[in-house]
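Presented sequentially are two complexes of subunit A, the first with subunit B as partner and the second with subunit C.
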Partner chain A sequence: MALNLTRRKFLQTASLAAASAAMSGCFARQANASTPFVKKPFTAPGSFAGTKTAVGGVCEMCFWRCQLVGKVRDGKLVKLEGNPKSIDNGQSICARGNAGVKLLYDPDRLKFPMKNVGKRGAPEWKRISWTEALDECATKLKAVVDKHGPQGIAIFPHGSSAKYPMTFFENVVGTPNNSEASFFQCRGIRDTAYVATLGVAPGENVDMANAKAIFLLGGHFGENVHVSHLKRYLKGLENGAKLIVVDPRFSASVSKADIWVKIKPGTDTAFLLAIMNYLIKEGKYDKKYVAEHGKGFDEFSKGIAHATLKWAAKTCDVPEKQIKQVADMLAANAPNVSIHPGRHVSWHGNDFQRERALACLTGLLGAIGVKGGFVAGKGPKTGKAGWPKPMAEHAEKFALHKMAKVYKFSPPGTPTDLIRNAAVTGKPYAIKGFVAWGQNPIQTVPDQALTIKMLEQMDFVMVCDVMPTDITMYADILLPESSYLERYDHIQKGTQWNFADPHQQFISARMPLVSPTAADHERKESVWIMNELAKRMGYGEHIKVKSAEDMINTMLKDANLTIEQLVKEDGIHLQPGVDPYGKALDVEFHSAELAEAGYPAIPTYVPVPEPPKGFARLVYGRAPMHTFNRTQNNTWLHNEMPINPVWLNDECAKKMGLKDGDTIELVNQDGVKSRTSSVVKVTPGIRKDTVYTAHGYGTMNKAMTVGVGAGIDDQSLITKVAVDPETGAHGMRNNFVKFIKNGKVLSIPA
Partner chain B sequence: MSQYGMIIDLEKCVGCHACAIACRAEWEVPTGKDSAERERRRNWVTRLGPTKTPKGLASTYYPGLCNHCDKPACVDVCPADKVEVTFTDAKSGKTKKMEVAATWKDPFNGTVQIDKERCLGCGACADACPYSARYVNEEESDPKADKCTFCVERVAEGLEPACVQTCLARARIFGDLNDPNSEVAKYVKKGAAKLESAKVKIGPNVRYYGNKKDMHLLTTTCTPQAMPQANLRRTIMAHMLKPAMDQVKGLGMLGLAGAVIVKGLSDDEKE
Partner chain C sequence: MAEIYRFLAQSMRYPTSDWMQADYFSILDAFLAELGWDDEAQALRQSISDKTDWLEPIQVEHTRLFVNAIPKVVAPPYGSVYLSDDGMLYGPSAEKAKAFYREQGFELVGESDIPDHINFELEFLALLAEEGKTQEEELFLQKHFRPWFPSFRARVLAEVRHPYYRVLVNLIDFFIREEL
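What follows is the complex of A and B.
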């Protein structure tokens, strides 16, 4: 009989033991003859003790993809660390990266192929074999293609492992209806706006580490964490760079800023135009750069002449002298300034223009190809592998935005809104097959009710993921995928993060850190799943790679590498790099291409709807311990921030009778209430017309036993969609909320 | 003699919580069940503000861990029997014998450590710490007190503490405060501050460095203002139970009292 004593029991039984201690005399005699008490080790051994280091990990807790090593003991992953050989993240990984272990061993993970024998949205799951699952998926998807054409299928992919299935459906099946919503709603606008202005997609290619001034529009670094990205930012600050942050909220970045522009949401383009107009009027721009590389500068300067400091001050609710101060600070430090292109940029439906303005400001300051400016590192080359494109032309022909002649600057794929509308209305054609792969459209696309309506009218819904999410509740067949720690699937490459360091390039490939084979599950990697489906759907002849491993080896071939060689090199191949500086880019201040397409040829401010009386604008952002909804079920990450407090201005809170920490719900302008509650965070660090919370909380899937119902799902309150006319991306910050406390609706005072 | 210490540079810290999670992974730290446990365990980050300070609006972080104090409040309250232990200085090889209970301050590196083999799991040390930097690991079958060790086990292997290694901002700096050339000592000279108040002066060896408004926010909200009241019930019970526990262990659960205790426990299981 073992003594299994918990502390609680220990305390509860203390009195009993104390009573028995009176008899201690007899015990003392017997003790000598007793068997020795066997102690268990009480100390965790630490990740360094008795572990083997597995190399070749590439993180996917977010999509920055830091390079990892795994500490493995007895076949179990004990800890993840940054790969010491990395010239990108180095030995550092973020909270989410560190918590990858808990995703790997999350008991709620999808384990077996499942068939929904209940309803979509209220599933009852029956375990089925892979053969049955694949047969059914293939039959049902093929039936859609046969009946409605390839365009009858919509795919919602996200992440490394979804790329192979995505290109299969686009290129081989031939559907244009690919909504990489998480890219589309995130960076898509930025990419097409910069391409239209500077000819290149910007990435996050600002050399912040060597900048004299850094300009962030809504960037909340610290709350938004990407390791090497933040290293650049922090290095810049350490070197004395001035930091200007434009944000309605006192964000993590504002707390380090020299200037906080507490802007009225939606007016950013007006702010940028006034800065540019002022710089031009005062002759404080880079005349040489503009003369050599500017296009349509005269039209541009005339076209923005109306944007005076006074006008912008009124429009943006920012002091006139502060706009001047920002402009002067940028000019004084030009050209070594980082005008950050932003990341999640679909805000108000006027976002393409704002991104254009940012690109123009970069050009106006001559901050291109120079230290601290807009500079892309020159990474190494690797090859491609995947699917041929027999049906690419068909897909192109049925692209909804092209058929309707709208959204001419749309990012790759089809605007989500058009896919959803076509599905719901059946016009211009029916969309009856739905595939989500690693994406949770319930929480990436506004108007959940409409998304659900789209799902309900489908003939077939297939979802493949690692974890249950809100979308998995709507699957007919649910397929379990191996996690990023158990599979091959991605080449990560780049340069050293600080361009001031010797120029280097790296190539790494995601390799399994632990074996996915275990008795209690049947997870598979995406290339296997997709190939099996392709064969069953009759597309077997197009298969070019046998497995994910084969795919990676093919891609490495062009770099004269193999997986084996990468392992020998501790997971990362390093080679000499090239100086990234010195490349100028032409700047389309006035774009004939845009004019021809019927859009404003110069960056233009388009006002956005104001909050109705009693409401404040709902703005959302990121928390450093979560990647949207994807990480909500991670025990460690949940523990760091279990709910998402809603920021409310302190003066408003006082008038509303709300105290910091009060439990609240939210209700939006359309009367939609949050399904769950959160707490209010009362702070002077936010405008009165704005409330803020972290995105991704409040999942409704009970299969996420840790995350379910925790905090408020901001997406559920985003029912009004603002569509960006150039790109078709959804602006998600034109929704307005009131608070509810104890069932009573509280208006927000102006 | 060394005094290991840590500096947390709030000018660099971005509040990403990587330190807290790396610690959790390294030492299998339980997550705790209620919010109080959640906030103060082994290694934590608490976001402060944005709030008004006399120096302007401020927002910063309180990344916390055991302070490995000069006069640790947790050591003397440990009710475990004292035993003689020989300590060795890693640098000079010098040894020193000391009578210690289940927790002590190392005479050579200044860290505060626990012998979990001898810990009773009573939680008296956790109650005594004004920084709430100790906890009892309830997830173990036999709960024991635990705390930050400054990763001395890793340091002995030539590694950095887990929280320091993962910090992307290099905002956590670990080293010997008694070495004037160490980076930590240089921060002390620059004015890195202890979280100490008039009534809590036990010489913490974790210090914070930041701008005036952030430091104002941190020190006014996170400095303990009073030493915790000892949990009298728990202390008395620990003292009462200890001799009986020793005997039960020695008996291998034989004997009348053992049977009585086991009966009590199995009744408890049924609750």
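What follows is the complex of A and C.
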């Protein structure tokens, strides 16, 4: 390199004229060579510096979907706030909601369609055009359909923008192999157990704000944050509700509890049965409600007669006195008690029974349709839009659980394991096309090695996401989606959060707070992407909506609304509501339907595997500033809680020679070691047979530059999966760990 | 100088066959010859004449360096990533660049374009040079471009696998470096 040549000298000596002419000639044929600037006379600052409020935001940092406004200055989103007109979250949003700004401007976000010219799992990306990406996806997916039938495609969706693609593959292409993590690794069990017992999916519909007692089984509100849900809970406590928390750990909710039941994990159903048996024996249940709405109550009471306080005390490792105390507290406050159905309930593989027991307890106390009880708000009606169902029957016929006659109470879709096993074995049919849309199955589904095996045998893998999560590493074609702050996609509706307030209903829709387009990326919204794919795959005739905006407008039509009107109304339409109280539900204490399907007809306790000697059970939960893996790369949230300390009982720690804050790793019963390390939190607030950590840490994808390798990925230690026999959902708390410090494995004394 | 800035901005765009052709490389080659960067010119020539598919490796490298990569995007081409504490886009430095554009009577076309993308900054320098605003050009370099470009360049040089981008960041560096 001629170091002595300066720019000035160069400019003087070079035959610049010739060079310039050549340069302009070279780029003239290129259309986008034009400048990204326009001339505009300078106006004094201030005239454009004003902050505008963009309305119509709906948060998606978690699934609760609080209503937002965006403070936008000069095209840049500077702050998110709760929409002051909201009767749900109101002006409040949580830490994650606030940090949405950081997602919007995260340099690691996906920007362009990508083709993997390397290998799955070790990708080399080449940016390609949308046309090329869509053509390739369509050709490859169609080839799978032609060769293996529609059932040869599996889709793993998550989030509101994935619903449109999911229903396309199910109803139009005709594959049953759709696995939503929200069902099979989370709440599906709850929904089908309540449907089998009370006839409705429960949501989180307990009127905690007006309850006299609140009963939480594993719920750790405060660490688990959903704004209007927390409002209800805190209002209830403020009004003097008694709080009973059943949890092996001193959680944030336990710290506010009147009774902490430090239960042995996995035995909750035994605990519930003993309470119900006691209430029945003592005549402390709602006889009138049970007589009017109970089905099979005699069989039920006979069937649980074995569940004495003494038996449960021994089984659950809690004092007999305390079980009685809990039962009496519930009876004393009935029917105004909130028996919380839970949300993430796929724990031990015996979870359907536990959820059934919770629903039965609710009925036994007559806590349905009354103040403080199990009551759903009566929300407004809006229309539907989406895909017709020409192939729904085909999908039904090839549903793996129906073919095998198992998991008869499966939530919608197909249990994950059945899909994965079919893909890996090729039986009963081949699954060769894979679509992940907003879901990261590497971290949501236990047994990562098997998931990777499934992906490796695919003919084609397509992934659509906002961030480069772990699953994106396995994509052949990777598509970038616009974020929830830049797109239309979802109608959020409901009622005021506190039923004691005047009854109101609201309708809002997710609208972009900032423009989705910019010169440095080509992100698209899911309806556009899916339609373009559908056309290319030959399903164009079934398209009913042109865009996400069109879809929202169609759905609003039934409520006599338009997007335009919603904007005029500051993003939220309010209308008078309806009193939600007074609706009773029948209670299937004994279920003929379950009996016929070959399952226990009354709630039954099924023991779960015990920790082997030297191990403790690994349980996990939420942290207030994270929605699991989804928020790991957010700098604000990361700084709040960069790693996930592992809770260990203080007496155990002492014997093991561990001190609070020591750096540790974990190893599970199958010899699987955590890839990364964390620190130990030494506390008397956890049972000796249990260790706990927050879920969602320790991502292995280095494209997540902030979150990568920070803390321990508990999912990687969940190698043993219990499958709930009724639903086929995954129980993920039957794994056991030891600690490792400085390379030395430390057993946990019982 | 305007042409040179524009040439550099164009060179940082995603490489596609509609502009990256023989005539482009002959200009680049001539450039390097004038500068006496013979080794660089040689390496570059080799990388494109050795293979029939010479374009894809440059595209893959562009993607890996600037767009999406495992283990991570090597060098996001935005000022704020280097200038703000949290490494996010659209930090205060980006807003200052936008304000500078405006003071000079220029506005970005897209309302949500991130102002301190390297291509915008180079295009803007071209506009200033075109209007003969030498002082402003120097001021922009000093206040907005030079504060982050060296960190960007260092990241590229540390990880680059294709001679094209090594040459390119060095070339940009040559033209924007402060002269004493």
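Operating definition for what follows: the second predicted complex is superposed on the first by the 701 of 750 C-alpha atoms of A that agree within 3 Å, B and C clash if a C-alpha of one lies under 4 Å from a C-alpha of the other, contacts with A are read in each partner's own complex, and residues count from 1 in each chain.
In the analysis below, a contact is a pair of C-beta atoms (placed from the backbone, for glycine too) under 8 Å apart; a residue touches a chain by one contact, two chains touch by 3 or more.
Here the structure is a predicted model, which means the values were calculated and not measured.
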Which superposed partner A:Ala500 touches (first subunit B, second subunit C, both, neither): neither
Touching partner for A:Pro624 - first (subunit B), second (subunit C), both, neither: first
Which of subunit B and subunit C A:Ala592 touches, first, second, both or neither: neither
Touching partner for A:Leu637 - first (subunit B), second (subunit C), both, neither: first
Touched partner set for A:Val745, first subunit B, second subunit C, both or neither: neither
Touching partner for A:Val227 - first (subunit B), second (subunit C), both, neither: first
Residues on subunit A lying within both footprints (that of subunit B and that of subunit C): 1, 5-8, 10-11, 13-14, 16, 20, 23-24, 26-27, 30, 35-37, 39-40, 42-43, 48, 635-636
Of subunit C, residues touching subunit A in the complex: 1, 3-4, 6-7, 10, 14, 18-19, 21, 23-24, 26-27, 30-31, 34-37, 39-40, 56, 59-60, 62-64, 67-73, 76, 78, 81, 86-90, 95, 98-99, 101-114, 117, 119-120, 123-124, 126-127, 170, 174-175, 177, 179
Residues on subunit A engaged by subunit B in the complex (per definition of touch): 1, 3-18, 20-21, 23-24, 26-28, 30-31, 34-37, 39-40, 42-44, 46-49, 78-82, 89, 91-99, 101, 221-223, 225, 227, 230-231, 234, 237-238, 250, 252, 254-256, 624-625, 635-637, 639-642, 683-686
In the complex with subunit C, residue positions of subunit A that touch it: 1-2, 5-8, 10-11, 13-14, 16, 19-20, 22-27, 29-30, 33, 35-43, 45, 48, 74-76, 102, 105-108, 110-112, 114, 117, 122-127, 468, 473, 478, 514-520, 635-636, 701-703, 705, 708
Contact footprint of subunit A on subunit B as seen in their complex: 11-12, 14-18, 20-22, 24-28, 31-32, 38, 45, 49-52, 57-60, 116-117, 119-123, 136, 138, 140-144, 151, 153-154, 157, 159, 162, 165-169, 214, 234, 237-238, 240-241, 243-245, 247-257, 260-262, 264-265, 268
